[in-house]
Amino acid sequence: MEIPLLITAFCALLQVIPYYLNIPVIDAASGTMREWMLLVVNMAVFVGVISLGQVHGKRIQRKGENWPFSVVLIAFMVFMAIVGFPLENIGLGFKNNQYLFMFNNILNPLGGTMYSILAFFITSAAYRAFRARNWEAAFVLISGTIVVMSNAPLFTSSMPFLITWKNWIFDVPNTATGRGVMIGAALGAIALAVRTLMGIERGYLRGGGEE
Amino acid sequence: MIPMWELIGVWTAVLMTLAIYSFLYGENPWYRLAEHIFAGVSVGYAVAFNLDYLRDQWVNKWSLSGTLVLLYMIAIFFGILWYARFSKKYFFAYRWTLAIIVGTGIGMALRTVIFTQFLNQIMAQARLSLWVPGDLLQSFSNTMIAIMVPCVLLYFWFTGPARDRGPMKYIEKFARYTMMAGFGAAFGYTVLTRYSLFIGRAQFLLGITPNPPEARMAFYVIAAAILITLFAKDHLFKKT
Amino acid sequence: MSILEKMQNIDRRYIYLAAWIFVLFPLFFPLGLPVPIGRESVAWFDYIEAIPDDSVIIVSMDYGVSGMPELYPMTVATMHHLWTNCQANNWKIIVLAFWNQGPLVFDTLLTQIDPAADYNVVYGEDWVELGWVPGAETGMAALATDMWSQTPRDYLEDRPLTEYPIMAEILTADDIDLVISIETGTPGLPEWLRQWNDPFGVPFIVGCIGVSVPGMAPYLSSGQLTALLPGLTASGEYELLLNRPGLAVAGLDAVSMSHLLVVLLVVIGNVSYFASRGKEVS
Amino acid sequence: MAILQSGRLFGLACLLLIMAAVAYYIRAAKGGKVPKVRRVAGIDAIDEAIGRAVEMGKVIFCSHGIANLRGATSGPQTLAGLSVLSYVSKKAIASNARVIVPVRQPEVWPIAADIVETEYKLAGRADEFDQDDIRFLSNNQFGFSSNYMGLMMREKPGANIMIGAYWAESLQLAETGNRVGAFQIAGTAQTSQIPFFLVTSDYCLIGEEIYSAGAYLTQDAPLMASLAGQDVGRIIAVVLGGLGTLAYTVGIETLLDLFGM
């Protein structure tokens, strides 16, 4: 089945060609294509809803493990979708009070707290990783500790040279690492693109149809 | 006094915050509750948000001319094909839609990757001067970067016999040390950002301005409730 | 198992508990640990002090609620600095946002500060809030050629821009003398530079979160970015320069303590590691 | 020159050169010329991870990151992760292990499901495929990660394989995997997140290694050969960078002008 592969190649070329060649017609088409694609992508949102519905619906039906939590999940999902539904003339949508309540008092605190929980994880990861087991680990330990100390006023007030050291670590090994890894990643991405366009990359669109 | 529903809001927010933090102790029903609420609310939010987007796009752009209307309809058609995956008979049809997305994605990558990740980085290398008059440190730093970057690049060398030749051993070792120092620095730097986030949450729990002061009482009460139930579950019931 | 070996594989929950204590304690009982003033915050302070009279300044809130812990304090301090000098220097301040939650953040600020009462500035004459400008980079491009096109009405009072004297002479990016962007990611400085600095030469100063700092360095050295206020520590220093200790200074003790904890743990980890290894060898 | 966009000429030349090199080696491999490829410890360890999970009778988590397929830098990483998923599920099916795939992007979910189902079909056991194991969690970054963490704590996987684009959640997932004692292989091309994978996982794939993982795992000659094309690009980068530095040091800026064409 070659159709998906042809579509892939066509869509890829549509984006690439006008970027390098000055052909206004194709450029306009590729711009429209990008906006158009967002519509298609937005339509996928119910895939998630259906998948969640199947998994948790089954669990509720069978009274499987943790099924009350599945009820909570489905209830909150449906409620949030309804109060936020873009029908402003019947009082729903983004300015609906229930919607704002859910957004400000549930979604935001949950997101913010999940983000901040990293402080604990980074501390315990540092405790285990910053240990001079060998030369490589010693490099991680030394540069990491210098940077940590240079960020705290407590240390820099008595050891201002830490900031100079940190700047050097950032400007030299950190820059060099970032640059080297980034160039390599570009090569990898290009090779992957070629393999995909040639239809030989495993995983994506492989085979197709019934096998 | 703040209105009742605002007070409820503050208590809810504190409950959500602490339920997530309870994960630090271990997986438990409080966390499970927050986790499932999070999934439900965020997916519901995504539904509302995406539908709003589709509606706005229709009103402000795609409904304005005949061609655009047709394109919008085609988009809806390909959008519906996503759901072919759930059909036993036509499941393969989603691959057409997918091909559009992947193809455009690869095209976008081929546009920018060569510049942002490849050429711009090489140009930055080409702006290094190994000898900066009067600035020994800068000269040294530039020289180090000029050596480190190719070493890191060569570290990933995959194929061919040249890979196993003598000098590569040293290059590889030097590249590892460079990367370890670089990654260590990035790690250390992130500590600050993560702690500022946690400090922000802690300030919220303690009701320090600009956060609502009512949060503090909620913090004490809910934290106590969560801690007591966690300990009770672990120490009273486990032993029997 | 000796204590040293136990320390090496300590239950991570004790580490989590220590982190709670090290952060909450200084928030309950401020320690007033010393804060050295770094060059970034001084540069930022000096830059704003030296903005010429009659300048038109855009303050762009390019972050959402999740960025508030780190960026909100510097936003308050910067607005304080701008509003304080607004009347004397005849600055015009336009507040807008390219992140859709930006106006929400600014709402929080306005619940704490009443510009009219605290600084004696007049809404619509000295400053105006345009609200969220959609479209990210394309929105920036559109705004640069026509300041009125994206937001025909203001955000705070929802009235047409024609009713505000401040907007009368502000039509394109050519009329803007400075952009202050406080930001967490994309859209952010690179997009701004492409649409505003390259074509119009508008100067930029940026306040950003710690993780973005390394990415900002090239713009700073190329001169496209004139001043950079990085993260919470620098915000605290800036508050001290303004003689207005606020949220960031309150948080700085906690920053110091938490970093002290990390360093202590690293020391303990290494000491116990080498001690127990020494034992094995003997 | 009107037809060519100015400022992009040199980039186009580099791009075409690298693409041609990759294509050339793939063709050559089809004719029997296969280059020798070095070992990559992290990729080799994937078999070990699966084996260990099977031995302990535990499930395997295999994630392809949280990005969609459209991002210029993140999309290819997702494809790389899906390639690895294809291999992992094939191996797992052969040894009767269960693979759970946590998904964040609705648009990626059908592909992940398709990949795993195809492996079951190829093994002739289509009826054993359980769609619920391709687990959509949430569109929200931290909604996804909180669920992933909860799932790991409950299911206690024997192996956790994460290849793709990750942001802040990298440490949340890797630290939790470490907490439950999973054998972890993690890789990403997001330079800011590599440090966290490096210190919390058993093996870490750095940058371009993730793109090669799919090719390397299959041991399929044309795929392996494409890695040689990458090396051509590598040499170009090293040479151009080196020449550039030397030229700039002695005050010649012709090369810079050339790059800017």
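The chains carry the letters A, B, C and D, assigned in the order they are written, with residues numbered from 1 in each.
Here is the rule we go by: a contact is a pair of C-beta atoms (placed from the backbone, for glycine too) under 8 Å apart; a residue touches a chain by one contact, two chains touch by 3 or more.
Just so it is clear, the structure is predicted and the values come from calculations on it, not from any experiment.
Placing every chain at the mean of its C-alpha atoms, the farthest one from subunit B is found to be C. A comparison of the A-D and A-B interfaces places the larger number of contacting C-beta pairs at A-B.
Each chain gets one centre point, the mean of its Cα atoms, and the points for subunit B and subunit D are 16 Å apart. Taking each chain's centre as the mean of its C-alpha atoms, subunit A lies 4 Å from subunit B.
For this pair, subunit C with subunit D, the centres built from the Cα atoms lie 34 Å apart. Multi-chain contact residues of subunit B, defined as those touching 2 or more other chains: 20, 23-24, 26, 32, 34-35, 38-39, 41-43, 45-46, 82, 85, 95, 98, 101-102, 104, 106, 108-111, 113-114, 117-118, 122, 124-125, 149-150, 153, 156, 179, 183-184, 186-187, 189-192, 195, 197-198, 200-201. Counting partner chains per residue, subunit D has residues 8, 11-12, 15, 68, 70, 73, 76, 79, 106-107, 109-111, 138-140, 142-143, 146, 191-192, 194, 196, 198-199, 206-209, 212, 227, 230, 233-234, 237 touching two or more of them.
Shared interface positions of subunit A, defined as residues touching 2 or more other chains, are 19, 37, 41, 44-48, 52, 107-108, 110-112, 114-120, 122-124, 126, 128-130, 140-141, 145, 148, 151, 170-171, 174-175, 177-178, 181-187, 189-190, 193, 196, 204, 210.
Across the complex, subunit A is touched by residues 10, 12, 15-16, 18-19, 23, 33-36, 38, 65-66, 69, 210, 214, 217, 233, 236, 252, 255-263, 265-266, 268-270, 273-274 of subunit C.
For subunit D in complex with subunit A, the touching residues are 2-5, 8, 11-12, 15, 18-19, 22-23, 26, 68, 70, 73, 76-77, 79-80, 82-87, 103, 106-107, 109-111, 115, 118, 121-122, 131-132, 134-136, 138-143, 145-146, 168, 171-172, 175, 189, 191, 194, 196, 198-200, 206-212, 214-215, 218, 220, 222-223, 226-227, 229-230, 233-234, 237.
Put simply, subunit B touches subunit C in their complex at residues 24-26, 124, 186, 189-193, 195-203, 206, 208-210.
Residues 19-23, 37, 41, 44-48, 51-52, 54-55, 58, 107, 110-111, 114-115, 117-118, 121-122, 124-126, 128-129, 140, 177-178, 181-196, 198, 200-204, 206-207, 210-211 of subunit A are the ones touching subunit D in the complex.
Note for the complex: subunit D touches subunit B at residues 8, 10-12, 14-15, 35-38, 68-73, 75-76, 79, 106-107, 109-111, 113-114, 137-140, 142-143, 146-147, 149-150, 153-154, 191-192, 194-196, 198-199, 206-209, 212, 227-228, 230-231, 233-234, 237-238, 240-249, 255-256, 259-260.
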